[in-house]
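Reading through the structure tokens given below for one structure.
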Amino acid sequence: MTVTLLYALVGVALLSMGFYGLVIHPHLLRKLLALNVAGAGVFLFLVAAADSGAAGTPDPVPHAMVLTGIVVAISATALALVLADRIFQVSGSTQMAEKDPAEGL
Amino acid sequence: MAGWEVTFDNCLPLLILLTSLVPATVIFMLPEERVRWRTSLNIGGAVLKLGLIGVMIWGVRHEHVYETRLPLLQNIELVLSADAMSVMMTALSGLLWFLTTLYAIAYLETSPQSRSRFFGFFSLCVSSTVGIAMAGNLITFLMFYEMLTLSTYPLVVHRGTQESMQAGRIYIIYTFLGGAVFLLGVAWLKALLGSVEFTEGGLLAGNIKTHAGQLRIIFLLMIAGLGVKAALVPLHGWLPRAMVAPAPVSALLHAVAVVKAGAFGIVRVVYDVYGIETCNALGLLLPLSLAAAFTIVYGSVRALSQDELKKRLAFSTVSQVSYIALGAAIFGPIATIGGIVHLVHQGLMKITLFFCAGNFAETLGVHHISEMNGIGRRMPWTMTAFTIGALGMIGVPPLAGFISKWYLGIGALAAGKSWIIAVLVASSLLNAAYFLPVLYRGWFCEPAGSWPVESNSGRWETHWMLLAPPVATALLALMAGLLANSPYSPLEWARLIAAREYQP
Amino acid sequence: MTLPAWIVALPLLAAALMTAVPRSRLLMVGSAAILTPALVAFLARTILRDGVLQMQLGGWQTPLGIQLRADGLSVAMLGITAVIMGVITLYAWAYFRDHESSRYFWVLWMFLWAALNALFLSADIFNLYVTLELLGLSAVALVALPQKAAALTAAMRYLLVSLSGSLSYLMGVALLYAANGTLNIEMLANTAQASPATSAAFAMIAGGLIMKSALLPLHFWLPPAHANAPAPVSAVLSALVVKASFYIMLRLWLTLFGALTSPSIAQILGVMAAMAVIWGSIQALLADRLKMMVAYSTVAQIGYLFLIFPLSQLAQGSQEALQGGMYFLFSHACAKAAVFLAAGTVIYACGHDRIDGLAGIVRQMPVSMFAFALAGTSLIGLPPSGGFIAKWLYLNAALRNGQWWWCALLLGGGLLATAYIFRFFSIAFSNREEIVSARPVPKMMEWPALGLAVCAISLGLVAPAVKKLLGVGGLF
């Protein structure tokens, strides 16, 4: 098993674990962490895709994608954290309400 | 579309459509109090439309071609054209719209609901009817057919009462289901043939070998879709319920717009899409004539048991409109003439009856036949108009109704279907059975005391704008019968249409 | 020609200047709302004359540079975006006049517009990811604006779904790149082969995009988000944002995946679409809040969009299917925006949107109700609206290539839509008790809805022109 293949498989595994965690955990912060783990998985897969063989420099395009992805993930996580915090302030709960409340415009 | 210049001939159909579409748009935006504006727009539009229709009648008689074409998609065009049949229907619609407008203005004077809304939708309704009349292909027909449903719904529920809303709901259910079925038929036919233009003599002549089974199903779908509006049994359920609408609406719906649109559609499909010879070859005429015959008898039987005047007239409509379908379903030019001319005759007679029913209700509060004793003495003009209409329905010569039934009978004999004569005779007897008692009560019985609601209307027995329309239409029904052989009469026009449909 | 870059940059510039100089907000919003549609119109004229337009941002060459590509489909999407965003801007100006949150609204609004423009002009699959994320984040923030519990929860759910969808999409992009070595859509179309990698990529990409387009059964986030957001936001979400991910799906399908995946995939999408139409319509019928009803109507109408895939499979009738799907997209965008704006006016005037409490509302706001009626006819699919043309095209396509079972769905869907639209109408028109204390509504809130509804109706009459525009670039 080459290193590249290992990275790729681990990346896929992280993605699956992340999605699983997103669905299973009710706590908002855990959901966010799970999403971040999933993101890390995709990035790892991309790094593996940058391998261009024994000789030669790695392909820069996937690296660019990873960097962009990291920036996007950070911004998204920031927004999510603010939302989670606001939900906690307004409703006192760290989980999303199951039933849609009747009011709200 | 290259080389299409704007000429009067090209625009006339569109102009006729616009004479009610533009007033509709303006009236919607008028504030409620602008009575004068609204009245002038209504009447002005109606008069202008009649003028333009007059031009068109003269033109079509002299073989002019009036056609407006608008491309909708790459292989579909919106076509408004004037052939003999569209001219007849458009003329009927235009004339009756004018009279109903006068009537409605007077009838709704005391109505608390928005009159701007009413007249706006009223004009839209007429625009849709005129569009249906002048449609040159099935797509255009379909579009205006659906628009008709949309513009008549607010009229049916105008009063906003529980009963009206319920009637409106039932109306929507029936007409939308019918519309969906019709749409399927049209789309299927278009996919099969590539073109759905109305062609004199029929579009299909010759194609039947390859698709006979599908063509039969498509015919069934289309007739079912059209039959809802044309009130073919068992698709007629919405019609009696829609009587809760104000009298001008019932008059318009039953004489001009909705039921006529359905019947007109059936005539168009049989003659100008399938062609009468193709229908005969596919064996479609017998089921259609059976359905029509059953409706004729059923409607009359149900009418017998109704005490509410408008409900009785509603069932009478169910019965009478099927004469048109019956005429279409008998093979032979004479029956064709009978069916087509009945489009006009039934329109004139039925609208008279509804106007009179509205007068009775509005002036004296009389809604039931049992309350009509001696009403002829109180409102002689109205009752006379009612009598003319009723006698015409029964088929008493020399009124218009007699002409249609005569031609249908002769046509049935010529086609070898003598059982239809029995249906016609039975129907006339039933018509007599439910109209004559009303006439007897109105003329010959003593009034029961005071009327439910007596309103003082001055010199005439009722407001002149409520009186003039029924008198006018009764006169027209009389003339259509007496002067049937003169040029430009409905009968003459129907002969012209039949001649063009049965070209060798 | 830097026109595409300007179309993306203009709203961003407006947002930046607005933040720097708060008093210039009206000027910035107004300029963006007028100039962007003008630029799009100009772009449309250019591509009709010269064909597809391509430009490299900053002069950097691919593969590391970003390419912007304007063909018929992109410009048509840009056009509908410009029209709808422009009109809703008018509405939103009146709506947010007294709100403190208007500060944030306008900046986010401009971000959303820029994201949409950039998305439609992207020529490679990774740029699509970036713009998709930008779109999602702006939309989430807009949904969360009211700061009430329901809106915040809906926004959070939307955010989580959006992020998972994007991650799934990104994984698909990674797989495609690993297999083919390029990100550019045109080049992928040439080099991609049917292989396990491509199928896996398709699964990930489709899964992500279906989640973001709210196709059943992944639609659960849409009704709360669209129903609880402020009216202008709901309008743009239903009209444009869900269509953006559908656009990506369509483009990738037409250029890439359609030929490479098994035919049964398209039928599976069709089945999901059918369930969406039926389930969405039933839920709309049962909804007791007006905005909830409209949101479920969106779920149903998205089903119609996805029917484009099974209907365009076979050569016979695929042209009509593609056109019909685009027509559904355009007319639904206009009609649904109009309906949400009208619903927003209702809430503004009455303070609530419980359908049972709206008896006789047609007298309070005739213009909005008329707009609702016109838009309703397009949603039902009655002539002469764009919705009818779309339905007709679909029916034709289905009949011509023999997939007649979709006809039943199309007609049934129309009848179900009739049911829930008329349910509202019979209450709105009825004579029952008058609405208590209805606030008077500013004109600028009623007329935009009517304008959009008229657009939806008149779309039926300009079909040949639209077809010509879509044809640039050879996809249609």
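Couple of notes before you dig in:
All chains are identified by letter, namely A, B and C, in their written order; residue positions are counted from 1 within each chain.
As a working rule, a residue touches a chain if its C-beta (ideal position, glycine included) is under 8 Å from a C-beta of that chain, and two chains touch if they have at least 3 such contacts.
Note that the structure is predicted; figures quoted are calculated from it, not measured.
Arrangement of the chains shown, judged by which pairs touch: a linear chain-to-chain path with two open ends. Comparing per-chain C-alpha centres with the mean over every protein C-alpha atom, the closest match is chain C. Rounded to whole angstrom, the centroid-to-centroid distance between subunit A and subunit B, based on C-alpha atoms, equals 67 Å.
Centre-to-centre separation between subunit B and subunit C, using Cα means, comes to 43 Å. Between subunit A and subunit C, the centres computed from C-alpha atoms are 26 Å apart.
Taken together, the subunit C residues at the contact with subunit A in this complex read 63-64, 126, 129-130, 133, 137, 140-141, 144, 146-157, 159-160, 163-164, 166-167, 170-171, 173-174, 177-178, 183, 223-224, 227-228, 230, 347, 353.
The touching residues of subunit B, when paired with subunit C in their complex, are 28, 70-74, 76, 114, 117, 139, 142-144, 146-147, 150, 154, 157, 159-162, 165, 168-169, 172, 176-177, 180-181, 183-184, 187-188, 190-191. Contacts from subunit C toward subunit B in the complex involve residues 323, 360, 363, 366, 370, 377, 382-384, 388-389, 391-393, 395-396, 399-400, 407, 411, 414-415, 418, 422, 426, 429-431, 460-461, 463-464, 467. Of all residues in subunit A, those touching subunit C in their complex are 15, 18-19, 22, 28, 31, 35, 38-39, 42, 45-46, 48-49, 60-62, 64-65, 68-69, 72, 75-76, 79-80, 83-84, 86-87, 90-91, 96-97, 100-101, 103-105.
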